[in-house]
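The next block holds one structure in the form of structure tokens; read it before the comments.
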Amino acid sequence: MDFSFTPEEDRFRAEVRQFLSKELPSDWTFLEDEFADDHTRWQFVIEFKKKLAVKGWLTLSWPKEFGGVGASHLTQTIYNEELAYARAPGRDIFGTRMLGPVLMLYGTNDQQNQFLPPIASGEIQWCQGYSEPNSGSDLASVQLQAVDSGDHFILNGSKMWTSRAHVSDAIFLLARTNPSAPKHKGLSFLLCDLASSGISIEPIPNLAGMHYFNQVRFDDVKVPKGNLIGAKDEGWSVATALLDFERSGIEYSAEAAKTLEELTAFAKTEKRNGMLLSESESVRQSFASLYTQIEVSRLISYRIAWLQSTGAIPNKEASMGKLFGTELQQRIAVFGMQLLGLSGQLTSKSRWAPLEGLILKQYLLSFSTTIRGGTSEIQRNIIAQRGLGLPRK
Amino acid sequence: MYLDLTESQQMLRAAAKEFLASACPLQVVREFEEDPETHRSRLWDHLVELGWTGLVIPEQYGGLGGSFSDLVVLLEETGRALLPGSFFSNTVLFSLPLLAFSSPGQNDHLLEQLVSGEVKGTLAISEPSGSYHFSDVETRVSPSENGFMLTGTKMFVTDALISDYFLLAAVDSSSKDNPLGMFLVNSDAPGMEITGLETFTNDGQARIKLDSVCIPASHSLTQVSSGEAVLSKTLEWASVAKCAEMLGCAQAILELVIAYTKQREQFGRPIGTFQAIQHYCANMATDLEGARIVTYRAAWKISTGTTSEMESSVAKSWVSSIASRLVYLAHQSFGAIGFTQDHDLQLFTRRLKAGEIMFGDEFFHNSKIADFLGL
Amino acid sequence: MDFSFTPEEDRFRAEVRQFLSKELPSDWTFLEDEFADDHTRWQFVIEFKKKLAVKGWLTLSWPKEFGGVGASHLTQTIYNEELAYARAPGRDIFGTRMLGPVLMLYGTNDQQNQFLPPIASGEIQWCQGYSEPNSGSDLASVQLQAVDSGDHFILNGSKMWTSRAHVSDAIFLLARTNPSAPKHKGLSFLLCDLASSGISIEPIPNLAGMHYFNQVRFDDVKVPKGNLIGAKDEGWSVATALLDFERSGIEYSAEAAKTLEELTAFAKTEKRNGMLLSESESVRQSFASLYTQIEVSRLISYRIAWLQSTGAIPNKEASMGKLFGTELQQRIAVFGMQLLGLSGQLTSKSRWAPLEGLILKQYLLSFSTTIRGGTSEIQRNIIAQRGLGLPRK
Amino acid sequence: MYLDLTESQQMLRAAAKEFLASACPLQVVREFEEDPETHRSRLWDHLVELGWTGLVIPEQYGGLGGSFSDLVVLLEETGRALLPGSFFSNTVLFSLPLLAFSSPGQNDHLLEQLVSGEVKGTLAISEPSGSYHFSDVETRVSPSENGFMLTGTKMFVTDALISDYFLLAAVDSSSKDNPLGMFLVNSDAPGMEITGLETFTNDGQARIKLDSVCIPASHSLTQVSSGEAVLSKTLEWASVAKCAEMLGCAQAILELVIAYTKQREQFGRPIGTFQAIQHYCANMATDLEGARIVTYRAAWKISTGTTSEMESSVAKSWVSSIASRLVYLAHQSFGAIGFTQDHDLQLFTRRLKAGEIMFGDEFFHNSKIADFLGL
């Protein structure tokens, strides 16, 4: 047993932390879901991502042959932890963590040469087109049609919940190329330029009023055949192949730790009924319990990263990390709102909002954390069936 | 024992349902959030016409003389419909205490004006500390020529921007026995500065700065009872009334969930067939069953004029405690679609959460309950 | 809305309460599950039941034509509440609340004349034979065979979880009289003298070491045909007919209220770290929360009783009452154990055990409350499917 | 970072598993509860033979010189097997502090005797108040001829009836700086009265009454560190060691549940196919995943000699908090059968609950964590 990081890993963490504190405005309280809400802010995000690219950090874990640093999973986890803790922009999950590895595994040399470098440099923003209006947890029920038409496919249908499509350049997606095959067969993995003719993007603002999700409609959109990744009709395997990207879920505990620190500072200055909030025994118990849960979440994530670093595939553990981390975020959000009391109602627009309205934003966003990226119910099913071997039927 | 609505309450409910369905569909709720002025006066005129402004005010002032239980029946429906506007603050936070604590003749005219809808009032207690503890009231009152002078800051005052009067808590630090006073303050009195607050329900809360605001001696509401008594009763009524609104709101959420999970299919079957979803719904329904009955019980206690503080705190503690878990279970049942601004669910989610916070949350009322229990 | 009881109801409550305080030893801390643990104690229980019978209370809600008082559901609820609050013995659920009403509905005149009076007088102790080794929540999967043999049936098989069989005189049971019929058909409702030849009773002590459950084995046991209640092969309808017995579940809140009062007294005298337990803010919060939940449970029960008094059939509400009440008992047990700390480990045998070991007993028994009488899962299924109309498939 | 057992730890675990499977099946656990004497000496001799009594004691005293992490590996297995007897108290509650806080040469012979299994020791802190707060120690110590004299009452002393020595906390009210002292007391010293306590795990806890018990000056264990330091470290180690036992126990429970729900059929299918049961199991497994990693982390911190109090409290807070919900979910999955004395589940249930209570529960450790957080 050794829970320590190597001196190089510690140095790297310090370097990332120093970079972030230098490059990020000290009053940065924005959350990922609102980066793209505002044009000026999004420009800052893009510039920031490019700075990360210059440091080589965007593709930290990519193998050297694909232009990456070839860093270990633990290094990548440290990086992700620090960026999440700082609520930093530039964590390009769709490009660097999802499409990149897919291309390395299934792309032709030409496709790799064409698509990987712009991801690594931060020039191209990708988004992900899996979900559709009628498919939530049931991902394989894709209805977007891609009809073979000589040197290209013609796409008709729509994608839903497409995060940041409105500020992205391109989308990777699953489309049905063989409508007569069973549900999981007959899908193909395609890359599509969002500037293509026939594409329209409609915002789906969320309950916090932020524009993050979109519906992307495809009306006779042409996709060149060169943009087919892997074999035709085998897109399901391409999309779900067990990719070796970092999946520790370290972000959950990192973001939670930051919030808990901010709430601690609040509790130590704010008085109610003549007493500091931090002097209340039940407030103290809540802080201690949440701190404990954050530690649990963080250690579960470290273990996932470490397992990956040994070449293991921690499926069950990743589901546990996601399940526990996101439900923890909800518990912190509820506690934060309780602690703030009436002031918790104030939005970030109010000059009287404590912590610039951060807690309210986090509370409102917390409804989605246990849904997106695989609902808590799906995670529990996976843990029980795949992890513990309980029977399906 | 009779644990159902009376016949007249059932009629009141049916009439309210009908009116709200036509005058206040969710589209109006949305538009009101964006721009209250489009619908405000139309909705208000309707309420006056229906007699709602005088529901709890005796017939001698032109009202209907309804009981607190009648009010709860109505609030359950306005909560279910998310009725925007100042009905709650005007009736619960202002009319009720004015009625109960005015000395004979003190506010007869004002009560008539409340019924006719000519004037509106609301309550101003909380301050920047965001607390309902009496000890956190720092707004100062001192005697002045012919009356009193008030200085301080009030926060989270519901409907302050459209109210004509505030029932306002202030402290006279020179008085040892009864430092807390309750005063009627005109919204246009010199020295008043009212600023709207951006809240997540856009429900028109405001900050009020009082800079040496002078009011006549007749505007003290502590001639019959102490300021503490006025404030504590007012807060108690407000918390039970808020429970009623919340349970209407929560009932609407449960109905949305049931309707959705019955028809939404995933993996080839309605998601309402999944045991996880069924158990979420069962939990919500059970929580709500309790919420309804504790709220009705508290309302009945208030209506009968018996000691009711404990029962009221029990109601607000319980209804507040179920709100957080109910909204999470609802969203979890809906999946992504419930998280969008376009979906109606979020309208209810935000208001239910706000209700949890108002007039004391679970922890605030648990402290009171512990006191009652002699702990 | 009127939550008040009538003056007669209040008087009745006072009368019951006074009776109980006079007739019960002041140090009575025994729980229903241990009444039959000890011969002397069980004799006291039986005598106590007969005293209740003399008052007419045993058959309070039975119609007058069957020798009952014909009291309302609310009166019965008050009675049940007071007995539960006092942890009094003599609540003969099997005889008075279950078999009695079944006989009134399905019994012949002869059967009613034969079996009802000894229940009403408290002379005969009945137990219930529904569950079997292979049927838990799936009650209809009865395997006990009853073969038609002229003027009697011959029973072979066994019943499980038979509460108090070891101190009972007779058992009412479901047996399979038609093995070729579907699961819910082919069962018959029979009455069987436990002194019959071929019956053996084995104790199934529970995890608290108490003897409450038994396995009852039937080896060629003869049951006269006159003991068949209702038609042959229609026992399922007889057993599950919606009987108009009091089902408010008032016992849950009544027992809980008593325990919370005892814990309150403990917290007000016991010090830890120089402070009374009752001065701890988180202890206060817990007490207040549990008190609130007891009130909720009690009011849900009153509502069920009131609905019944109007002739309504509160299925959904009864499931909610059971679900909420039993889970509440678990929360109180957990809190009680937490409050007692190390002393909570001491059993009733220890002279240093606080509250004579009551909290530990309740904690250990709390594991069964959400299982027996219909598991919490079954209650939730009923609420969702029958109550809220969610689809079964 | 290396988050797995070392090779030697894996061997230790395998050997422990093998030994416990043969020497300590659950039948032995049951018999031990009824009548400890049948198996006590046989089990003890085995442990001595395997070197377990010297696991954490350096080679110079004849021990194996293992680390605290090694101990945790072993305790996870003894927890899984519910090993009865005094291994825990002797090793964790006595050998560890004796080793760490004896002055050079002070207890060399005793350490050798602990390794050889000739003597046994345990810890006596709590008193009738049932508390682990230092301020609740009321047993008095005063100087006497050639040493100290002790008077007071200790409660919940594990394995007191078979121990030769007690490491005992007492207060010298005349000392202002370091009132709390830790002393070695012989079990057969005049003035000692040891009475067994009936607990729900029948684990041999006892009450000790000390009436002017005299001990030599050399029996003070506060020559190197203050009494508070000795006690606080001892309690810290005990709480992490208890976590290890508990997680072995909890793992065994989860495995029982999985095996049962896979084969038990209701309504024509294994109950393990019901989503409710699957989600219960997923929750238990996730709680346990966290329990294991926080315990290992605390053990690693202790092994490396770095500051570890916070991490230890985090571990005990978490493992205690999951214990209650885990046993309820397990019983809920089993239904009635798990509630019987004959079923093995209850053996684990009772011990896991007892573990939650020992050496500070969730609330006790949360208070410490809040202090560490500067609240």
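A, B, C and D label the chains in the order they appear, each numbered from 1.
Going forward, contacts are C-beta pairs under 8 Å (C-beta built on N, C-alpha and C of every residue); 3 or more make two chains touch, one makes a residue touch a chain.
The structure presented is a predicted model; accordingly, all values stated were derived computationally and were not measured.
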| item | value |
| --- | --- |
| Farthest chain relative to chain D (centres taken as mean CA coordinates) | B |
| Contact-richer chain pair [C-D vs B-C] | B-C |
| Separation of chain C from chain D, taking each centre as the mean of its C-alpha atoms, in whole Å | 39 |
| Distance between chain centroids, defined by C-alpha means - chain B, chain C (Å) | 42 |
| Chain centre separation in whole Å, for chain D relative to chain B (CA means) | 53 |
| Set of chain A residues in contact with two or more other chains | 281-282, 285, 377, 380 |
| Shared interface positions of chain D, touching two or more other chains | 274-276, 279, 363 |
| Complex interface listing, chain D residues touching chain B | 274-276, 279 |
| Chain D-touching residues of chain C, taken from the complex the two chains share | 131, 135-138, 160-161, 204-207, 209, 213, 270-274, 282, 330, 334, 337-338, 340-347, 349-350, 352-353, 360, 363-364, 367-368, 370-372, 375-377, 380 |
| Chain A contact footprint on chain C (complex, rising order) | 280-282, 285 |
| Chain A-touching residues of chain B, taken from the complex the two chains share | 126, 128-131, 133, 135-136, 155-156, 197-201, 205, 207, 266-267, 274, 276, 324, 327-328, 331-332, 335-343, 345-346, 349-350, 353-354, 357-358, 361, 363 |
| Complex contacts: residues of chain C adjacent to chain B | 1-6, 74, 264, 267-268, 278, 281, 283-285, 287-289, 291-293, 295-297, 299-300, 302-303, 306-307, 309, 316-317, 320, 323-324, 377, 379-381, 383-385, 387-393 |
